[in-house]
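Given below, in the form of structure tokens, are the structures.
In what follows, subunit A forms one complex with subunit B and a second complex with subunit C.
This part shows the complex of A and B:
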């Protein structure tokens, strides 16, 4: 333990350096305080991408390191967004309502203000009363606490139930997917208290910051996202570097053996599951103010599966792989589906990428799974010269440990 | 000369006609009751109408109809009755009532129009109903019954009673008898007759019976100083109880003008706003008016000054509530009848409840068979081979689109369904085999990655379907003989399409069991499932078996797709709507066992319908609670309802 953390994890240092450089470059080119080479909307896109990278790190921790393919982390991400969105929406509506009522001849009572806010927010779902889950919406501190607590508690309860009954492998994946679907369906209801399928909107407007241009605000959020990503990366690297990291990798490779060695497998899994849910919640709380709107469709199971796709393409079992995957695939997605990619005329048919990007993504995902289980991150092994010995037969990927296909069959 | 002859001829004709008109029995009958008809009073006219109705003369109906339509005229000269047709404002053409022949044209002043008042017209109408009820054409009779049922009146009762004896059609006769009982409930002569009619409907499921009984037990909420003697009170209410709050009670008093209106907060606010004087209201500065107490203080001050009406104080409200009695009052005055009606409705509701349960069970069964159909293919690939196929939903979709394409080519729906079923199987079988060969067999040792790879295929297939067929829903029309529903009674019914799906599910269960237990392929599949290496050393080719098994599972998904497409719209998201439920079905039922899948589907189907029944407005909530239930269920039986034991369980 004589060597420092960074000496043992040179990749963390490199990553932080790259992130700092990137942040600096974007700042210098931003409209707000730089040259203006990067538009405000693109700064927002980059900020959102950093948040997606953060949740991808969480996914990599739980899947790449602990071997649990969770199809529910985007639900935690969305929950974090909902929690911060409640405060944003409440505080902003309160400011608007107070301003409009100040002109009345008789000053409004507190109850009248709250009723008016309720009518403003819940009018779209035909209600005007505040549901109990909005009890803390007027306090930023409490609502920020909820960003951490709500996803954390949900993950704790769900994880405890699932791990306790030794649900593993694909069963656990399906169970987490069911949880995500249940949550999304619940939020789709109008009487769920979170405005049904309208979701929460207008989140890009910070309360009390009307005078500040969006260019500044988006840059602030970009910095915050970069900071969160950096801290999240360091936390994840620290978690997986020590003895704890060895144990969770052990659980991934052979759960029964770790259990027989006397470790409380369920406890370790539960800790990782809850920790990653909290990270996902924080990422969501930073993402949705930049996106401006959140609705239950964001929580649908497909979103969590895309998260798995990013991590798989980027490369599981290495933190920078997850970041690269999330950044590359989500930016490519934006580029292709935004209609910016040039269409390819084939003479008899024109490939319009808005229609064909999903097909390409699906197919490339299959190809990556089949031929490059290490993903994009695996390319770095060629530079560092960390090539495994040729043991004949295909790599089984991180899930089956270090076994090669032909060894596994024996 | 000629003129004379014509005149003579005309005179002669007139004589003959007159004689004929006077001789016809219907004219004689009318003449018999002439004084009553001329008097045209509601009180005394009945014998005349009855006589016409019961005369049995063929013209009676026409006469009544014309009379009701104010088209019956009397010639002042000889008091005979004719049908009149207007030529111009002064002249009318008269027609003989018996023969319909033209009598001649007469100036209006020589004639008298019979103008029955509305009371008489409705009596005539009731008499006419009887003619319709006894019409020769059964369709006319049914039409008359429908009309009565739509708009019943007291006089229909007698008409109906008179029309039962002669009825020959047993079905219409039964309907008439039922309608008599229904009308007796409301218009019966005395309480005893009405009560026996009410009791005869005890436990009846018909909507019409409930429709006739419900008005009897309808109540109005009333407030009064004391209960009136003639009131039939359903229930006394106590203000402040759970279903009758004090605010409601006071509002009732206000609306019955028994108490002064309570002034609401917003009205007070308006009143205060109107009375701002020099920055204060009633001595309270405006700036302080941001609490309810301050506003109350200001309002009371204004009320004392007399500028605004005083609001009722708490004590006055309490006193008003205490000095009045609140009760629900039946519109029907007779207590015996309301009691009987309430009792009959109670037994009807029990019956309806039982039948609704049966209906719900049928619904649940059909939902279960849909889940079973969707899951059975998955049970094969996931349960038998241990391969997660996230693209299973897309195979279902592929089957449904195959059905749609076949319908575009073959316009006859029956034939096209018969072609579509095997074709869907063939298409998805081929797709499944291709997927197994190209992707899945490389990943047998990596279950999590199978999940992801098949998911990649799933999003690619979904987008492909969108590119080819567009995003709008495509119809898959069922043949005409599957339209409609099997109606057991007014409550229980099930559409034929759901029965067909249920039958299809049963057939699949049979086919699956037959293949697995009775064929060479099934034997080899089971062998490979249990121990691939041992099976291979016995001369079975595991690769080939895996391929065929996967193809079989996918093919069944295709057929399920056609079945599901028949009652749901075909979209590219069709499959993903079912995929999670299908996985749940397999996991809950227990992996690797078809009976488990059956049990799982049944459980999920019944559970979902059960939860929907508890909260019918919200199917989303039902799905949410169902998934939560399943997550908890997995806690207690992690390996499903039917868990494999021993070596077959693997790991």
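This part shows the complex of A and C:
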């Protein structure tokens, strides 16, 4: 009972060790302070991948552990990116505008500077006034707070409405898709206040850090992403390891039974939904400065479906499975769609992976679902011997854990 | 002495079908009661109403010393108020160990924050081991409950109910699919539980009811047909006509 957290969760310790080794390896091979074997752009790709792994952990918490197939978590990821992007864009434009107006004969007033920033940022959508939602854009502290608060509050309100009405299963999935679609469509409008389909750009340039080469900045973000992933993993492992984990897995397997035990199922779902939205927001806030640009297409419904595919391929219901799935699939995706994968000439037709990668991904998803429901992470069971009880027969119910054929006959 | 649970004048209709018709029922604080009745008599619907799964169209359900109405509470609030329910099919969390199943059921803080920051207490550990002993699963604590036999799952579920420390236990067909020895053990568990709390057992099997040796309520078409000792109700002509005569 009194064993330490790591003794009870050896996989968390192994994961942190692997992550630390990986971070060290990338650091010594980086262009910034290492040998330069890894290009700056690839460091960025790896940093972004770590952020995707973090959002995959959030997805695994909500889907693999609490059994809620949310197909809207990339909306929270995107919102986190938008929140930090607002500050990055404002602060950098402010620096440029101030520098260019400093040579004017009459020193500009504060209002003139703000107007000039507005013209710079919103000229592209034919406006120059700051919308209300940019009220805090000049403060890094407040925008960082909003990285957490905006996705968190949206999840809280949406979750409260959905869970209170006992919307479950595929209906909830559709509702979350509708949420992310509605948000994307809203942001596509020019008067949404976030530059419509242009999105926010130039996010890779940190304000006041023009003299610092991108090689250094990319490495800093890589470290920050690795730290966030490590902390996120520990947090998730802590949440699911104790009695709380027991309860949410109970909700996944038999919601009504948990309710009759006296637990407020809605409260638990809302808690996990909001927590994972916050994790997703933080992941997004680290991802988009590395990507450099965010636009509403990033939170289109398909993005959240990809997220579910990563977690399914990696193996849901285990945290390292989600990380492996997100890392493997997104890196492979970069490789195939980046034109690096050699095309296969068949004589009459040439398989060009840029076009065929999605077909390959789709087929892998179907194959994993059919033949390896535990995903890549399930392979580890063969080493640790953690195999499920042989329960003789197929599931009678929709979930694993429900009564099975031959048990019912006993 | 006032009653623990008083159901009066309750009716419920599903799509025009009257499942419960002006049903009145009450049970004391430490009493064992069997409910029998043919299929469709409304036994399970009755349990659904008491546990908050189904809302009645009319009538009242009063609970405890304060005569609090249960109709305004949801399932989890009713469970926290002290009503435990065992379903017909054994429903335990198959993917989790027997120990975790019992730990989840223990009467403790059930709010998300409270559970998240809870640490395992030695007292809880002792209680779980006691319960496991009582239901005969002491050796199986670390096994996944999905591996247990059907009878063991039923006991585990009864153990989880006892861990909840409810004041009223609603048990739906506890003996279904059990061997004779398993039935005897189940009877003992229920009789023991009824010494300190109210226990309502819904059962088809007359032999099992006889072994429980308690007051019997016969339901038919959603209302009470007869009430009394098993011998008394089995002599009742109405009961013979609708139930035993078949």
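The rule is short, and it goes like this: the second predicted complex is superposed on the first by the 390 of 410 C-alpha atoms of A that agree within 3 Å, B and C clash if a C-alpha of one lies under 4 Å from a C-alpha of the other, contacts with A are read in each partner's own complex, and residues count from 1 in each chain.
In this text, a contact is a pair of C-beta atoms (placed from the backbone, for glycine too) under 8 Å apart; a residue touches a chain by one contact, two chains touch by 3 or more.
A quick note: this is a predicted structure, and the numbers were derived from the prediction, not measured.
Q: Contact-wise, after the overlay, does A:166 reach subunit B, subunit C, both or neither (first, second, both, neither)?
A: Only subunit B; A:166 stays clear of subunit C.
Q: May I ask you to decide whether A:178 touches subunit B, subunit C, both, or neither, giving the answer as first, second, both or neither?
A: first
Q: Looking at the overlay, what does A:131 touch: subunit B (first), subunit C (second), both, or neither?
A: neither
Q: Examine A:254 and indicate which partner it touches, taking first as subunit B and second as subunit C; both and neither are also allowed.
A: Second partner only, subunit C.
Q: After lining up the shared chain so the two structures overlap, which partner does A:243 touch, if you call subunit B first and subunit C second: first, second, both or neither?
A: The second partner, subunit C, only.
Q: Kindly list the residues of subunit A that each of subunit B and subunit C touches, one partner per complex.
A: 400, 408
Q: In the complex formed with subunit A, which residues of subunit C make contact?
A: It comes out as residues 51, 53, 74-76, 79-80, 84-85, 87, 89, 91, 93-96, 100, 103-105, 110-112, 115-116, 118-120, 122, 125, 144, 146-147, 149-150, 160, 164, 177.
Q: State the interface residues of subunit A toward subunit C in the complex, per the touch definition above.
A: Those in contact with subunit C are residues 1, 239, 242-244, 246-247, 249-250, 253-254, 256-257, 259-265, 267-268, 271, 388-389, 391, 400-403, 407-408, 410.
Q: Per the contact definition, I'd like the list of subunit B residues that touch subunit A in the complex.
A: 269, 272-273, 276, 281, 286-287, 289-292, 295, 388, 439, 442-443, 445-449, 451-453, 455-464, 466-467, 576, 580, 583-584, 587, 618, 620-621, 623-624, 627-628, 630-632, 634-636, 638
Q: What part of subunit A is in contact with subunit B in the complex they form?
A: Those residues of subunit A that touch subunit B are 69, 105-111, 158, 161-162, 164-167, 169-171, 173-175, 177-179, 181-183, 185-186, 188-189, 191, 301-302, 305, 308-309, 312, 355-359, 361-366, 369-370, 373, 394, 396-397, 399-400, 405, 408-409.
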